[in-house]
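Okay, so chain A shows up in both of these, paired with chain B first and chain C after.
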Partner chain A sequence: MIEALLQTLLNGAASGGVYALVALGYTLIFSVLGVINFAQGALFSLGGYLTYLFLGGKIGVNGALPGWGLPVGLPFWLALLVAALGSGAVGLLVERIAFAPLRRRGAEPLLSLITSLGAGVVLVNLLQLLMGAEGYAFPQGAAGLAHLPESLLIGGARIRTIQVLLLAISALAVAGLSLWLENSRSGKAMRAVAEDATTATLLGINSVAVVRLAFLLSGMLAGLGGGLIGMSVSLAGPYFGISYGLKGLAVLVLGGLGSVPGAIVGGLVMGLAEALIPAEASGWRDALAFAILFAVLVLRPSGLLGRRQLEKV
Partner chain B sequence: MLRSGGLSPTDPLAARRRGSARLATALAGALALLAYLSRSSDPAAQPVRQRGPLPLGAALALTGNANLYGQDQRMGISLAQGWLHNRPHHRAVELQLEDGASDEPSAIAAFNLLIRRGVIALIGPTLSQQAFAADPIAQRRGVPVVAASNTAKGIPQIGAFISRVSAQSSVIAPLSIDEALRREPGTRRVAVFFAQDDAYSTAETAIFQKVLAARGLTPVSIQRTQLADNDFQNPITAALQQRPQLVVISAQAVDGGNLIRQLRELGYRGQIVVGNGLNTPNIYPICQRWCDGVLIAQAYSPELNTPINRSFRSLFAEANNGRVPGQIAAQAWTAYQVLFEAIQRLQARGGFSGVTLAEARWRLLQELLSGRYNTPLGPIHFRADGEVVQGRFYVAQVRMDGTGRNGRFTLVRERELPEAKP
Partner chain C sequence: MSSRIAPQAATQPLLQIERLQVHYGSVQALAGVSLQVHRGELVTLLGSNGAGKSTTLRAISRLEPASGGRILWHGANLAAVPAHRTLKLGIGHCPEGRRLLNRQSVAFNLELGAYLRRDREAIAADLERCYGLFPRLAERRQQQAGALSGGEQQMLAIARALMGRPELLMLDEPSLGLAPKLVAEVMTVLAELHANGQTILLVEQNAQAALEIADRGYVLEAGRIQLQDNATALLRNPQLKAAYLGG
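Here is the complex of A and B:
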């Protein structure tokens, strides 16, 4: 009984960690701009593909350059970092193309949902053009875990070693981001802009730079998530990040829009909810997870840890 | 004022009725004209070209989840095309290839496009699920379809114009279960996994479970997954708690490959039997060294020692850096070959002379179903309902090489099924 419970907790934590990572990317942008970047799922895919290429993987027969690959593969940790930076850079590009022009014109924030969705679709299509639609798997032993057992037995519950690693990296990334937001000068600037952009600007904070930083970090988080998932499973075509993006969006809402602790708690709740679904109904996992989201929102519209927005009249 | 009986010429009601009648006549005329115009522009109503290559359509999954199969099919068809065109023939065939992607709307769109272009027959689509959506369109338009990889129950029964060269899973699936039980006769605990959102996988798992029941085995765990799933921690740990000795999987290449890998990583060491969705060398890079030992029943063996299979195998290896072909490519070759040979026989008899495309399609269907073919799959022919009759089947085991990225389906058993013998 305890073993089964522990197994459920481990299963939930393993998937919840990645959901939290994706949701944090949304949270950063939502907190500073009050909008949702729908290109986040595409950046997740991009991170997976970039990690694959930096590891020395070759483009498949359906890609634009079949058989092409970097002459030298990087060690996994470096490949993951460079890929996250690459995704962050593309995240910045998304900001310049899909968000900045609308912001300059004072357009409705809702419009950026469409422009970011468009940017995401273009990005995924470009990936498909360059890499083909086939699935890719990272080279065996790429993470340098060959000397470790394939799975670990923790209190009678079994979990894949790669997933423990995935959970640990997600936790480190989340902790690092939280510390940075709390203690660093730029993190405090981001919190100030999130609180009130106009006042923050009057106080001498460069809010445009803060917005760009949010997009860079958000893209990096998505890229990191994509690379980690690619290591754990495989890249099942350019659209694989979209489903994670949607799940991250649900987690964002579940945890509370714009709340960093909410994104973490929401991710874990979503992961646990999925893990609790009985084996016979495992095929209905997504439907049940979203039903839980619906139920939470009915009871608590601002999400688990979200603050109620007060409207000034 | 009261009217004095009858409708006067100026009666507004009568005027409205006359207007309605005129409108109805005009509409009927317009509809008749439209019907005539659409009929005259329908390629099926046009006479078949007497010269030049005959267009043959193929709708394959070149993108999406099933693209791994589609690429192999494209290769198989392209090799058959080159090989057959280099042999003496009466009429050239021009292949028109469209991406049917991996979903039903794309397959329907590809079929519609090819039919509008006036193809003589169609090959495809890649997935059984797509076939159930797209084949009825070809059936309604009277276009013969040869399914190259649809093995679900009921495909030829969609209609008279639908046939297949891919033997249905109910014939093949029991062989791999029997092989697993022959190797480990003490097997009692079986776990079943299947992709519940895939028509083929759900049909195949029903066959697997029926076979298990017939062998006195009740699954200790049945796990439903989805094609887009890639993390199987939950269903696998739930199944492993039941300590299975045999795992039977009905899924497609990417999700199934990931499932096998994670089963092994989570400590499952027993036998794994997989269905036709994983019957492609494209699973090797997904499950890598963890693919090793997987058992699968096949309708094709690269080790079949016939002249046509030797040609197919060497052409495939030449085009694919020495790779050994799988069943999907062999069946695609076969689909093209049977249509090509039927076209040649019909052309030789003057069967395309002075007939409309619709009539030519009907004649081609009759010719196709009445022929006997010597293919890389072995000798085959069709039943009157379009079902393939193939006598020889195989059980193979995946053997991965030292790199863990390449492998092969090694033949472990060959079976002749008397009931299916040509």
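Here is the complex of A and C:
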């Protein structure tokens, strides 16, 4: 009983951690540009597939190059890191293609919702072209996870090791990002641009570079999330990231647009609430997520930790 | 902040603006403005609302592109300099409406003022100097900037600009919205900075207060310089008296 509950809570916290990663990705870009990057879900998918390939996985029969794989088999943490960097690099490309041209022309920022959605669709379709529509399970031997025990004994309860890893890695990423924003020179510059880009410019901050950095980090967070989910569940197909992207969006609004602690708390609330739904009723999971969102927004229109719209002077 | 361009003749102005034009779309905001600021001077740019004062400062900071004329800094054209480089060159801009980072603390705002500097000890010394200049900021250093009173916010905006150690300090209507006593306080601080050698370009609608501390002044009207003279002469100028000095 206790064991089941503990496993449930940990599962919830683990997927909550991944939701928080996705929501933080949105948060970074929303803070500096005031817009949502709808390619985030596609970058999540990309991260999953890149992790698979860097672990030494082969392309399946429906892919463009059946049986082909990278001539490497990296340990799982390195594969995750490289895949996250890859997703970050593509995130930068999305900025170049879908955001920068609009900004240069002084276009309505809302238009980037469409251009980024377009970039995401193209990316997912490229993935489908290369990898096929089939699902992939991560190669077990190459993952470097093989010599880890399948489950751990925590407080008398057996817990799947991969869930513990998932939680630990997303917690590390979230903590690292928060510390970086709080203490580093570039993190402070990002906070300044988030609040007032013109002021930041007058203080000598290159706000264009800060925006690019936000896209890089945001893509890395999405890619990391995709790699983690691929590892703990599997890759269900090129679209698998889209549902995480949507869930992250719900978490973003739940926690409060633009709030870093809000994205973290929102992610955990969402993950735990879902995990508490019994397996027989799992079809209700997504409905529950959006019911929570609805309830919170009725009670607190600015989200759990969002700023109330008072301080606009 | 040392400048990389060697000063030539002693007569060369620090800042020289020649027939500057700025357009917002098809609307002309500046129609050929020329002015100079020499090292160590306190120059004021006066004019009523919409005259183009802020636009002039924004053009110098490269926030607005010039559509004609040129801006010379130490004799070199600023046309190709991006906005985030102007402070590095020595041009500090305390913008209209203060533009503080309202959600951040007083201390964070000041720290960001010194964003480009790496000389930690000198930064710490300047921070203490700012707190000495504005003791009320020292008491509130951990408070959110947005929670300060209007006067304190203006002090913070000036202090933040000083933290960048600009060779030229440009201020856009620092007296705006302040009670007369606070206006006097701000002007006293600017006069002190000027006495210590700080070069200042002060944009104001409050002509009386600005001219009392300035060396020279320009009067801008509808994007053109209408008058320019020594501050004492401008204070006695009948035209200016009628228009701005309430009598």
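Observations, loosely collected:
We take it that the second predicted complex is superposed on the first by the 287 of 313 C-alpha atoms of A that agree within 3 Å, B and C clash if a C-alpha of one lies under 4 Å from a C-alpha of the other, contacts with A are read in each partner's own complex, and residues count from 1 in each chain.
Just so we're on the same page, a contact is a pair of C-beta atoms (placed from the backbone, for glycine too) under 8 Å apart; a residue touches a chain by one contact, two chains touch by 3 or more.
All values reported here derive from a predicted model rather than from experimental measurement.
Touch criterion met: A:Glu150 reaches chain B, while chain C stays clear of it. Contacts of A:Ala273 after superposition: neither chain B nor chain C is touched. Once chain A of one complex is fitted onto chain A of the other, the partner contacts of A:Met131 are absent, as it touches neither chain B nor chain C. By the document's definition of touching, neither partner reaches A:Leu9: not chain B, not chain C. In the superposed model, A:Val233 lies in contact with chain B only, and not with chain C. Taking chain B and chain C in turn and counting the residues of chain A each one touches, the greater count comes from B. Applying the stated contact rule after C-alpha superposition, one finds that A:Leu217 touches neither chain B nor chain C. Those residues of chain B lying in contact with chain A across their complex are 62-65, 67-68, 71, 196-197, 221-226, 228, 230-231, 233-235, 237-241, 253-255, 257-258, 261-262, 264-267, 282, 285-286, 288-289, 403-405. On chain C, the positions that touch chain A within their shared complex are 61, 63, 82-88, 93, 95, 99-104, 108, 111-113, 115-116, 146, 160, 164. Listed in rising order, the residues of chain A touching chain C in the complex are 185, 188-189, 191-192, 195-196, 198-207, 307, 311, 313.
Those residues of chain A that touch chain B in the complex are listed here as 4, 7, 11, 14-15, 61-62, 128, 132-137, 139-140, 150-151, 157-163, 229, 232-234, 236-237, 240, 243, 274-275, 277, 279-286.
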